[in-house]
Structure formats: structure tokens, C-alpha cells
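Input: structures, listed below.
Two complexes, one shared chain (subunit A), two partners (subunit B, subunit C).
After this line comes the complex of A and B, so read on.
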């Protein structure tokens, strides 16, 4: 039964990491540069959700706000919208003025944004770990010895919907096809009349919306502090390196692998050993398949 | 005639200003170097608040001819930033002491500078090695692991009767120091931990280590983790239905850690710490707690109180006539000071705090009660 418990926790953790990694890939594909602020945006998503919780609780009638479940349910869409808006601002401030500069300029710009986010949130909220409300109310249920929290199921369900929705958008819609075209060859896409800059802004909005969802879900289950961004960024980077630069399904697969090592392998060895083994696997993958498991031919990346 | 009168006037004016200069307050500086951003900002903010409260209250209790200046410098997360902050702070007039960061790595970088400038560092950093460098300029006002881990072990062994403890620590320097002290103490007592495992601060899910403790047949969990991981572990232990005692490190005494947990998750757990100002029971500490709340609008913890006491001892030195860093250092190294949390006296290496308490959470309150006091653990006083 312990194995089943580990599996449930591993899937929930991997799903949350998957949302983190997907947002990272979207900006990577759109701009060709690494967004080093992505972990901090996930953290910021958690704090946006915390701020929105206060606002929603004061707006909603007591009979709704008091129960908690309504606040959690409304929190997800409002966090997605607010973070998407912040994504547009992020694009306008940190990317657009530098878009003709080398990718290294853009990633230095994102590092600066990450530092501003981390220190700004620390100044506003303080350094203490914080938690967001659960999506569908607190609590858990048991199946024999197996204990499943409502939040674990919420993470899994939300991740499946958001990842599926993103896949549908990218694969089945004209906007998605244009986004992929713009990512593959922006000059040719422009020549074909595609408004590349607008699609890049959409990518930023989507990426930060996913970051917001991940921050909201992770902060409830695992807490969040203003300095959490660095570790989340590292996980996203690892997931994408394992799965393949630019590959959406690769990012999700990489995230699941990280969660498998953090939970499954750690339960058989120890956490530091599991982390070491994860990096060994990463080296093996890079040695055998430098473009990552689902990656295509290696391009030039910052 | 005009020239002579002008000269007389000039001499008179100069004399007036020289005279008034000698009557001006003497200025001393106590810069505050603390990490208010980065991963230790929670503890650093407590440290800053404790120091500021003591310094802001100083004006009422110091001689009228003494002016104490202070400025806060953020040391963030790296030794270089702490060193730069120290160099900038050293430019202040007559620096008699420096409130130095809780972050042990930064303290190790500052020790040579303190020796070079001859300025005492007043800190609450728990890293054991900072007082093991044979540096006479460091003074620690929070009990080190030698004290708090002894209390931790004694409570687990003597009161709770641990026979098969599982030891779970952090991979950081803080965690390694606690692990070394606890592990040695338990092995010496003939009660070797059935599980001794460290986890990284970035680990989100504590289920693997909890399942291993369960498999090992642990009858108690001994934690030495930072705030977030402590809360995470308690929450998941409750979720798993792991019904064994948990004795945690000082992170669990912090009100901000307790805020992350429900009453059911907290109930029955205990923690070691230097003091617990919110627990009440002492009129002076209760009054101080009220002042702290009204000044900062948050709950105080042992770090804030320890740093408050440390700065107050420096101010006591000034009250006794100390006017230079050397005077203050001498006072700190020789005198005993009755602080709010405890009585402080140097053990010769700069360890000033020798008491610890064990606090426990009940099922009906989020304020921990002081369960046991371990006084003068090192036998220095």
C-alpha cells in the first residue's frame, strides 16, 4: 500500500512540476531564450493567489466565503487571468525592448525580473512560508490504508485539464499552428503575414497563467516563500533538458521523471542519493540523446 | 580697530563653537547587519526587529551625553554581500559593536574583519563553528547546538523515553550541525537512531522519509529542519496517521511555522528553542511581547528576543562607561547580563546563552506551552 501511496503523491507532484515546465517551454519556444524568472513567476503566482484569497473573501457573501470551497474554486480562474495579464506586462517590459538583442541579453533581463519579484514579494509579504487555500476544500479520504488528499486530486485534475487544453490549443487550432510556426522560423512566419510579436505576447500570457496555476497548487500542498523560485526554476530547467528543448510533452515527461526520483527513488535510497541518481540519468540522456528524450535536432539556444 | 575687533569676534565665535562642541553628545554607532531578503529573511527579520526595538528604546536609558546611531544593512544570502555591508557600516562614527547576521556562512566571512577592526559581533547565529575559530570578537546570544540539542535529546530520552528514534535533518550547514550533535548524543546514550536521514530544503514531499521511518519501526521523530520543511513533515505525518511523538528543532516554535498547520496537525508536537516569548508566564517578557507586537504588528520569536537581549547587553556596557569597541568587547567577555530570556555570560569563546526550553503544542491552543526548562546546560554560569 505504501507503494500506491507513493505513486499517488508522485503523480500529483509530477503534475504540478509539469505545469511549471510547460510555461518555461512556451517562452523558450517563443523567444529562443531561457526565461530565468520562470521559477519566480511560479512563486509569484502563489502570492497572487494569496492576495486574491483576501480580496475574494472580502467580496463574497459570508455563506460562500466562510465555506472556503467557493474561494478555492474562484481562485483558479482569477489567478490565471491576473497572471496572464502580468505575462503581457512582462513581455512588454523585459522582452519587447530587447527582442533584437542577442538571447543572452534577454535572459539577463529575465534574471533581473526574477530578483525584483523575489525581493519585492519579500518586502510586501515577508519571508515566512505561506499557504494558499485548497481548490476544492481541505480534507482527505481513505481507500484502505491509502490516503488521498482532495488537493492531490485537484492538482492532478487541474494539470490534466490545463495540459490537455494547451495541447489542444497548440495542435488543433490556427493560433497554435501560428505559434509553432513563429517559434520555428519567425522571419518566414512574418513573411507569411503572421503577427509574430502578438503571438509571442500570447505565449508569455499563457506561460505565466500556467505558472500561476502551478504556484496556486504547489503553495497549498507544499507552501511557498519569496525565495522558492530558484528551486522551481531548476526543476523546470531539468525537466525541459531531460524531455527535450522546446518539446511540450517532453517537459511533462521530464517533470514526471523528477517527481519519480524525488518520491519513488528517494523512498528506496535517500533523498540526496536520489538526487544524485537523477543527475546521473540526466547525464546519460544527454550523452545518448543530446536533444533530450522528445527533442528534435539541437538548435542554438542561450 | 575694526581688524582687532573682528579678530576678537572671530576668536569668541570659535571659542563658543569649540565649547559647545565639548558639550555635544558623544556619538557611537551600532550598525545592524541582517539578512532581510533571501531564504533566511524570516529569521533575519526577527533578528532585525529585536535589535531595532532595543536600539529605539535605548535613548530613554542611556546617559544624556551619549548618542547611539544605527543603520540597517541587508546581508541577503551571500558572504560577499555581508562583507560589503560590514565595510560600509565600518565607516560610521565610532562603531562600538555590530549586530551580525544569523546566517553562519556570513558570520564566518565576517570574523576576520571583526578581528582586524577590533569590533565585537553580536549575533544569534546557531552555527557551532563561529565560536570555534579562536576569535575574541564574536558573541552569540542564542543557545548553540551544544545547548539546544542537549535539551532536545534529554527531553526525548528522559521524558518521552525514546528507544527507536528516527532523526530527520536538513542537508544545510544548520542541519548538519544539529545532526552531528543529536546523533552523537543518542549513540552515547545507547539509543542509536533507527533512521538518520537528511533532506534538501528544495524537497517538497516528505512522504518517502516518513515511510522509511515507519518501516524502520521508529517510536519518535526527531527533526532538525527549517520552517517550511518542518511544517510539511508534520502535516504529512498527520495525514499518514503516524501516531508517534515529534520533537522538532527551533523552527517549530516560530509562530509563522505554526500558522501553516491546523490544530490537529500541531497537537502533541514539541520543539526545542532558546525561549518562547509568546508562551507567557513571565511579566517582563509579556510586556516586551506587547511592545514588539505594537511596534512590528507580528508575533515575536526566540530569535528576536535573543537579539534584543544581545543589543541590550551592549547598551548596558555603554551605560557602565564603555565608549569604544574595545571597552564593549571587554564588558561582553567578562560580565554577566540578566536578559529577558535568560542570564548571559561568555564561556570564553563567545557563547553567551546556556539555557534552552522545550515547548509543546496542546490540542486547544496554537500558543505553545513551555514544557521543560534546561538551565545552565554547559555549566558556565
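After this line comes the complex of A and C, so read on.
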């Protein structure tokens, strides 16, 4: 039973990390640049959700506001929308003016945005740990010895819907095909009439919406502070390195592996040992498959 | 003949060095014009400048009845210019079918109609529609790129040395397909080295030399 419980918790955490990593990959693929602010955007998403909780609680009639569950339900879509809007602004401010510069310039620009985010949020909210409300209330199920919090299931459910939705968008729609084509050869995509700049803006909006969802979901069980971004960034980076640079599938798989170590392996050993083992596995994977588990080794034929 | 592309006094190049010097060119609706010239003379430069991948220094480019010289690449493409670039450039990680679909500005029945036209033109692509484009042979990639250009329902296709590096037998298939495309009334501007291998299907052959075009 304990194992099953760990599995659910591990899957929920992995799913939330998956959202973090997917957002990172979306911008990476669209711009070819590492968005070093991504962890800070996840953190900011948590604080956006906290601010929205206050706003929604004060707008909603008391009978809804009191219950918590309603606030949580409204919180997810509003956080997604606000973060998507911030994504468009982020694109406009930190990427568009530099789009003809080498990726390293954009990388530096995102570092600056990350610093502004963590310092700005620190100034606004203070440095104390905060948490978001649970999505569907704070209860838990018990099935025999198995105890699963509503929040774990909410995380899992929300992440499955968002990840599935993104997969559908990328694989089954013309917008998704165009995003993939533009990522592979933007100049050729433009020559076919594809509005690449618009797709890049869409990628930023999607990336930050996913970051917002992750921030909202994670900041319930694990408190966040304005300096939480660094650790989240590292997880996204690791997940993508394990899974394969640029691969959406790989990002989710890598995130799951990290969560498996943080919860499963840590429960058998200890947190530091689990972390050490995770890095050993990372090295082993990179040694055996430098392109990552799902990395596509796109070959060339004459 | 109704003019489709009218280029006047086009000067363009790289970093202050003009490769095209006050070049003049006209392509009529449905015409197939070949541009020949030796390696490095500026054929690719001309095609890039027409599509807007390379900013011009001066001169006018009219397409249809619009002045397109200041439009970005994607807008020129949307007006009906399509590119078959030098060196092919498929989207390697997309499947053959996706490479074609992604180019279509239309949905539903109209996109399927365009797909049928392409698969009719290049039957070999039909059996490979689920393969990733990088897995195709060079000749198949060239066919895919020509098909991809057709999917945009273009008025004019700019083809940059479409038979370069292909085996003679494959090259013949590609040339045959270009002939069919010309016959359905799509304008074609095709660059080739030295002499035109396209034979009777071209209406005119122009030679690019010292930044100018002259009838051969």
C-alpha cells in the first residue's frame, strides 16, 4: 500500500515537473535559446495564483469564497490566462528586440528577466514562504491503508489534461505542425508564408501558461519563496537533458524520472543519496545516449 | 502576355558588394523562365532577393499588381511566391505528409485536393508518406520540396538548381514533373548552371552575367 501511495505522489510530482519542463522546451524549440527565467516564471506563477486567490476571494459571493474549492477551480483558468498574457509581454520585451542576435544574447536577457522577477516579487510579497490553495479543497481519500490527497489527484488530472492538450496541439493541428516546422527551419517556414514571429509569441504564451499551472499546483504542497526559481530551473534543465533536448515526450519522461528519485528512491534511502543517484543515472544516460532518451538523432542522407 | 513578375533596376548583394547590378527581369503569367549562369554568378542571390530573404539595395519588384519590394518574406509567399531552395531543405523531423500539409494555407477538402495533385505528380512519395523526411533519398527530398511548394497554391515557383546533385535518371523525373507544373499554368523561374537542361518546356532562357540578365 505504501508503495502505491508513493507511486501516486511520485506521478503527481512528476506531472507537475513535466509541466515545468514542457514550458522550457516550448521556448527552446521556438527560439533556439535557453530561457533561463523559466524557473522564475514557475515561481511567479505561484505568486500570481496567490494574488489571484486574494482577488477572487474578495469578488466572489461569500458562500463560494468560503468553501475554497470554488476559488481553486476558478484559479486554474485565471492563472493560465494571466500567465499567457505575461508570456506575450515577456516575448515582446526579452525576445523580440533581440531576435536577430545569437542565442547567447537571448539567454542573458532571460537571466535578467529572472532576476527582475525574483527581486520584484520579493519586494512585493516579501521573502517568507507562501502557499497556494488546493485545487479541489484540502481533503484526502482513504482506501484501506491508502491515503491520497485530493491535491495529488488534482495535480495529476490537471497535468494529464494540459500535457494531453499540448500533445494534441503539436501533433494533430496545423498550428502545431507549423510550430514544429518553424522550430526546424524558420527561414524555410517563412518562405512558405508561415508567420513565424506569431508562432514564437504563441510558444511563449503557452510556455508561461504551463509554468503558471505548475506554480499553482506545486506551491500548494511545497511552499514557494521568491528564490524558488533556481531549483525549478535546474529540474527543467535536468529533465530536458535526460529526455532529449527539444523533445516534448522526453521532457515529461525526464520529469517523471526526477520525481521518481525524489520520492521513490528517497523513501528507500535518503534525500541526499537519492539526489546523488539521480546524477549518476543522468551521467549514465548521457554516456549511453548523448542525445537523451527521446532525442531524435536526425540523420542526413546524401 | 500578362505580367506576373516585373523586376526593374534591382541592385542587391552582401555587405556593400553588389552581386546584382540594376537587373531587369519579367516573367509572364504561366511562363517558365530559366536563368543560367556559372557557379557564384548570383543565381541564388537573385532568387533570395525576389523572395525577400535578402534585402535589396535599390530597384523595384512588382508581383501581380503589387509592389512587393518592401514586404517581408512571409507576405510575398502569401501573395503566391513559393520557393524550392538550393540544397532542398525539407523539414527533416516532420513526416512526408506533414511536410506537405504544413505548407497548405487551406484546410479540409481543398488541402486534400492539393495533396492529391502532389501525390499524382510524385507517386513515389505516396508509399513514403509516413516516413520522416530525413529518411528520404536526395531525389525524393527534391520531389517533396517541389510538392511542398505546390501545396501553397503558388502563382510563381522560384526553383534554385532543382536537379543539382541528382542522378541523371532521377533528374529526368524531376524535370518531367516541372514540365507538368508549368503546363497547369503555374509560373516558374528556375536557375540552372551553364545551360538549361529543361529543353522545350522553358519559354525563355536568360543568362546571368556580371550582375545582369541577357537573352541567351
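By our rule, the second predicted complex is superposed on the first by the 297 of 302 C-alpha atoms of A that agree within 3 Å, B and C clash if a C-alpha of one lies under 4 Å from a C-alpha of the other, contacts with A are read in each partner's own complex, and residues count from 1 in each chain.
Quick note on the criterion: a residue touches a chain if its C-beta (ideal position, glycine included) is under 8 Å from a C-beta of that chain, and two chains touch if they have at least 3 such contacts.
Here the structure is a predicted model, which is why all the values come from computation and not from measurement.
K.L.:
Counting only touches as set out at the top, which of subunit B and subunit C does A:143 meet: first, second, both, neither?
P.N.:
Touch status of A:143: no partner.
K.L.:
Is A:267 contacted by the first partner subunit B, the second partner subunit C, both or neither?
P.N.:
In the superposed model, A:267 contacts subunit B only, not subunit C.
K.L.:
Determine, under the contact definition given at the top, whether A:118 touches first (subunit B), second (subunit C), both, or neither.
P.N.:
first
K.L.:
For A:174, decide between first (touching subunit B), second (touching subunit C), both and neither.
P.N.:
second
K.L.:
Considering only touches as defined above, state whether A:184 meets subunit B (first), subunit C (second), both or neither.
P.N.:
So A:184 only meets subunit C here.
K.L.:
In the superposed arrangement, does A:195 touch subunit B (first), subunit C (second), both or neither?
P.N.:
Touch partner of A:195: subunit C, not subunit B.
K.L.:
Check whether A:280 is in contact with subunit B, with subunit C, with both or with neither, and answer first, second, both or neither.
P.N.:
After superposition on chain A, A:280 lies in contact with neither partner.
K.L.:
Which chain makes contact with more of the residues of subunit A, subunit B or else subunit C?
P.N.:
Of the two chains, more subunit A residues are contacted by B.
K.L.:
So in the complex, the part of subunit C that touches subunit A is made up of which residues?
P.N.:
Residues 51, 53, 72-75, 77-78, 82-83, 85, 89, 91-94, 98-99, 101-105, 107, 132, 134-138, 141, 148-149, 152.
K.L.:
Within their complex, state which residues of subunit A touch subunit C.
P.N.:
174, 177-178, 180-181, 184-185, 187-188, 190-196, 296, 298-302
K.L.:
Could you list, by residue number, the parts of subunit A that touch subunit B in their complex?
P.N.:
Per the touch definition, subunit A meets subunit B at residues 2, 5-6, 9-10, 13, 118-119, 122-123, 126-131, 138, 140, 147, 149, 218, 221-223, 225-227, 231, 234-235, 262-264, 266-267, 270-272, 274-275.
K.L.:
Quick check on the complex: what are the subunit B residues that touch subunit A?
P.N.:
Touch list, subunit B to subunit A: 36-45, 77, 171, 197-205, 207-209, 211-212, 214-215, 227-228, 231-232, 239-241, 256-257, 259-260, 262, 298.
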